[in-house]
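In what follows, a structure is listed as structure tokens, so that the remarks can point back to it.
We call the chains A, B, C and D, going by the order they appear; numbering starts again at 1 in every chain.
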Amino acid sequence: MNLAPANDPILEIRHVSRTYKFNGGLMKPAHSVKALQDVSISIERGQTLGLVGESGCGKSTLASIMLGLNKPDSGEVLVDGKPVLSLGPLQRSQLIQPVFQDPYSSLNPAFSVYDTLMQPLRIHRSEAQDRPRRIMDMLDKVGFPRQLANARPGELSGGQCQRVAIARALILNPPLLICDEPTSALDVSVQAQVINLLLDLKREFGLSMVFISHNLAVVEHLADKVCVMYRGQIAEEASREALFANPQHAYTKELLSATLLPV
Amino acid sequence: MSKVLEVNNLRVDIPTEQGTVHAVKGISFSLNQGETLCLVGESGSGKSMTALSIVGLQTPRARVTAERLELLGKPLNSLSQRQLNQLRGKDVAIIFQDPMTALNPTLTIERQMTEGVMRHEGVRRQDARTRAIDLLNKVGIPQATERLYQYPHQFSGGQRQRIMIAMALMGKPSLLIADEPTTALDVTIQAQILDLIRTLATELDFALLMITHDFGVVAAMADRVSVMYGGKIVESGPACEVLKSPQHPYTQGLIACIPVPGRTTPGSRLPVIDHEKLAVKELS
Amino acid sequence: MLRFLLRRLLVALLVALAVSSISFSLAYLSGDPAIAIAGSGGSAQDAELVRQLYGFDRPIFVQYADWIFQALQGNLGTSYYFSMPVSQIIGERIPVTLILGTASFAVALLVALPLGILAALKPNGLLDRIALLIAVSGQAVPSFWLGLILIVIFGVWLNLVPISGADSWSGFILPVVVLSYYALPALMRLMRASMIDVLQANYVRTARSKGLGMPTVILRHALRNAVLPLVSVAAVQLGILLSGSIVIESVFALNGLGRLAWESLLRSDLAVVQGIILILSLVYVMLTTLADLINAWLDPRIREA
Amino acid sequence: MTTLNTPIAAITAISTEAAPRRPHWIKRCRQNSILIGGGILLLMTLVALCAPLLSSYDPTLQNLDARYSLPFWMEGTDPAHLLGTDHLGRDYLSRLIYGARISLGIGFSVVLVAALIGTSLGLLAGYFGGKVDMLISFLITTRLSLPIVLVALAAVALRGASLTTLVTVLGLLVWDQFAIVARSGTLAIRHQEYIRAARATGASHLRIMLREILPNLRSTLIVIATLEMANVILLESALSFLGLGVRPPTPSWGLMIAEGRDSILFDAWLIALPGGMLCLLVLAVNLFGDGLRDLTGTEVKR
């Protein structure tokens, strides 16, 4: 499906562990939660990785660590061969960008669509004259009507908001996108539109993608490779075909049998 | 089989500043004892409003009208508030979507479970407690005798939904309305809760009106299904038939746009519903 | 619960310490407290004498430690004006302030709570409008001015109540009316807003779905939750009433703490002022701590926080 | 699921969770309260700004021959003094007009100082959380534990009364509401996904606080500012009334009430007029703030 050379990882997660410590302030006994334990994943260029697990399994923590917004206790994350923590915030943001779950809370209600897309360009001091054109081009690419560019998130539908969030993520031309449950809060008919958009963009830009979801059916549709997370660990890692045809781990089997399908 | 619920031409209108919103535009359905009906639709289709207006819990400003709205032969829409209160929690009970906020955080589970039957049936507290412990055991809350005296925040989300179910069943209702009861829960927990509801429905033989947006839930639970779109029921029928060969274009689109392993080709574009075309059809 | 209690008390202790250091350092605001006490007319020798007499010549931390240590034993120093222990003077004046503050607080609560609840049951109804009117006017009228106007109307023109002093209980009527009217709006508006919020909560809907009558739903399910945010605000209000009565006490010539503080300030009797500020702050700290404990009692989630 | 707008909502025209019921006259009432409150406020500000043009007397000029001249609605008035003169023969109208300057000027500058302090602290506490939040929350608690009138009185008495002292002291004492509101607002926003998205585009902490969070707190802070301004105006008048605020002969309404107090039995109008002006101003500010709060849907519980 993609022409990029194989075995050239865009993202490598090496033995990442993260424990949250709660010393709870005064007089509260300290306790800790192991959010991630020795997680290793690698994603090849142009590949989509599906990351499946239930709430509290550590997938959101992993997303933050991939984005460099959270530091692992041990292990490291390499983006494009470079350790993510060694990169400055500006360099990092040109390599890797997120798309989040809640379409409304992922856009600042104080900004119009246009301003939302302007922020990354300002931060990165891009050519000022180019900015309006880049913004409008990007809106076209994600299928967002130009005439709504001055609307605020409150005036948009969930699907439209998610298109803007995707546009914001792509405006810096990153090779890698981290999608954290981008369709979970949407109606199924809108979910289909967003899935189609992601598929189109992936083809057009040769994007690599981490697609985090609890919905196995959606992951099956989008991912080339699937990792199942359970209690902070990778329970199973397999190609899409292998995982759905022949699940190995007990938790994967449970998850598969619990998935409700309209048949 | 006796008829539990009969709804005929139900309308819900909500007056707002910009004019009246017709949330539910004249829908009809009925439900027999021991039967499960799923009302399925996307957000804004009026499915939740339908569920709430049956038990009179719609937003205060909403106007509910119906040619017939009968529970066990009693006309719900012409009852006084007092008479309606005597039905609620006894003949009809309801469980909601978000188990985290549906229980009162400042009262014990015991208090919340027993208050309904103590009022409706004049049961002594001791007897109500026994019944509560029985039901908690039944819905799978371990150590029910001790946990009865705990507060909602000491339970997980799945457990709280189990408690909600137990609480709804305290009055031995003939009709249980479940408004998206598993939407806020994890996949494996969802499967457990649906399993539980199904088992209880068979065992206790109540009619179940299930509100959902998920055709997966429909496939798992429903005897019959009614698809709602824009405040109307566009298609009704036995669940397996509607799922296998949907007749209405909206139902067809809604089922086709869901990725299903084995049915849809991975990486292919999914069919998308053309809402404008449908809207024209529905409004004309 | 015990852990919560201990933690809360530790915070209270820290705040008390911070507050005490602020009230102590107030004396240094003018630069040299000795000159302030000796008065602008006093000579350099006078100031020097005062400095030695009151120990202002010692390092400031020593003075503070000494002051705290003495305060812990109930000794707040000596008033230079009365030549009496400050604690004794304060002790004599406290009852008036206490009666005035608590009575006003009680009246305010008794009116605010029912009015707020009833207003919340029918937002924008007639009662809500009346309540809003009371609140808006109560927030706009300066209490000292209202006091004076009431004195003119009820004391002078109608001659119904004594216009000053607290020789009998009737002397408290006007001050209590004025102060409770001052405290009323905040309490009532919060009660109303909080009740409206809670009535929309999902668990209230659940309670209604169980077929409980509206009185049960409101009293058992809504009220307890609605009162939670009110408790801490009520504590702050009581604190304000106890300390804010300074203006009212001077208008009605009541011999309470506030009036004493004011007069002492005019006389540069610093020890008394420091003592009063310390006492009132500590009362505040106690009240907010108490409010947290009441909240923990009302809300099981806080107990385990 | 239920809160999202979907194409279906377009058919139903308006989502089922549409705006809460507001009868027409209520809405008009709200706009009215902004109009009336804002109108009075604007008028008073204009009067205060143009004080020298509007009054023909120096408000501090004493004329012992013309003491206690009565206002126009009473018998035996002096046409030269529309609202009469006080115990020192100063023109009361001029004093009232110049008094507006003091009230508005102090109210505005104190709120400015307080908003600056409180908002910064609240933003820092809410954004960074943890130890920073603990420290700032401790500061807020400490500030709330101080009896504000008494401390202000003591500070002004000991530092010597001047307008700068008054503004500084009050500004340092009334920032708590700003801090509390900014903190809780920031706490609610901090974990929103758009903040994480901004971090992922490389925005600095300062930029996020000022550009992403602050605009969302704006309407709440403006409402707090109006309500605090009303508070400060009352506080200033109380301090001046007790003789420890604005120094005589500067005309402050609180001070005028205090001066009129001695003749309360005979000339009640001497306290009625400045008190009435105070009520009117505070009412106007409050009405304006309340209307603003309802209009912007801001939740401020007080």
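Quick note on the criterion: a contact is a pair of C-beta atoms (placed from the backbone, for glycine too) under 8 Å apart; a residue touches a chain by one contact, two chains touch by 3 or more.
Predicted model only: the values in this text are computed from it and were never measured.
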| item | value |
| --- | --- |
| Any chain in contact with chain A as well as chain C | B, D |
| Innermost chain by mean C-alpha position | D |
| Chain pair that, of all pairs, has the most C-beta pairs in contact | C-D |
| Chain whose average C-alpha position is farthest from chain D's own | B |
| Rounded Å distance between chain B and chain D, as computed from the means of their C-alpha atoms | 50 |
| Rounded Å distance between chain A and chain D, as computed from the means of their C-alpha atoms | 46 |
| Chain A and chain B: spacing of chain centres that average the CA atoms, whole Å | 33 |
| For chain D, residues contacting two or more additional chains | 1, 3-7, 9, 22 |
| Chain A residues counted as touching two or more neighbouring chains | 25, 187, 189 |
| Residue numbers of chain B (touch at least two other chains) | 42-43, 213, 273, 275 |
| Residues of chain C that touch chain D when the two form their complex | 11, 14-16, 18-19, 22-23, 26-27, 29-30, 36, 124, 136-137, 139-145, 148-149, 151-152, 156, 186, 189-190, 193-194, 229, 233, 236, 239-240, 242-244, 246-247, 250, 258, 261-262, 265-266, 268, 273, 276-277, 280-281, 284-285, 288 |
| Chain B contact footprint on chain A (complex, rising order) | 1, 54-55, 187-189, 191-193, 195-196, 199-200, 214-218, 220-222, 240, 244, 254-255, 257-263 |
| Parts of chain D lying in touch with chain C, wherever the complex brings them together | 22-23, 26, 138, 141-142, 144-151, 153-155, 157-160, 230, 234, 237-238, 241-244, 254, 257, 261, 264-265, 268, 271-272, 275, 278-279, 282-283, 286-287, 290, 299, 301-302 |
| Residue numbers on chain D that touch chain A, as the complex places them | 1, 3-7, 9, 134, 192-194, 196-204, 207, 211-212, 215-216, 218 |
| Complex contact set, residues of chain A against chain D | 25, 64, 67, 69, 88-90, 92-93, 96-98, 100-111, 119-120, 123-124, 156-159, 165, 168-169, 172, 185-187, 189-190 |
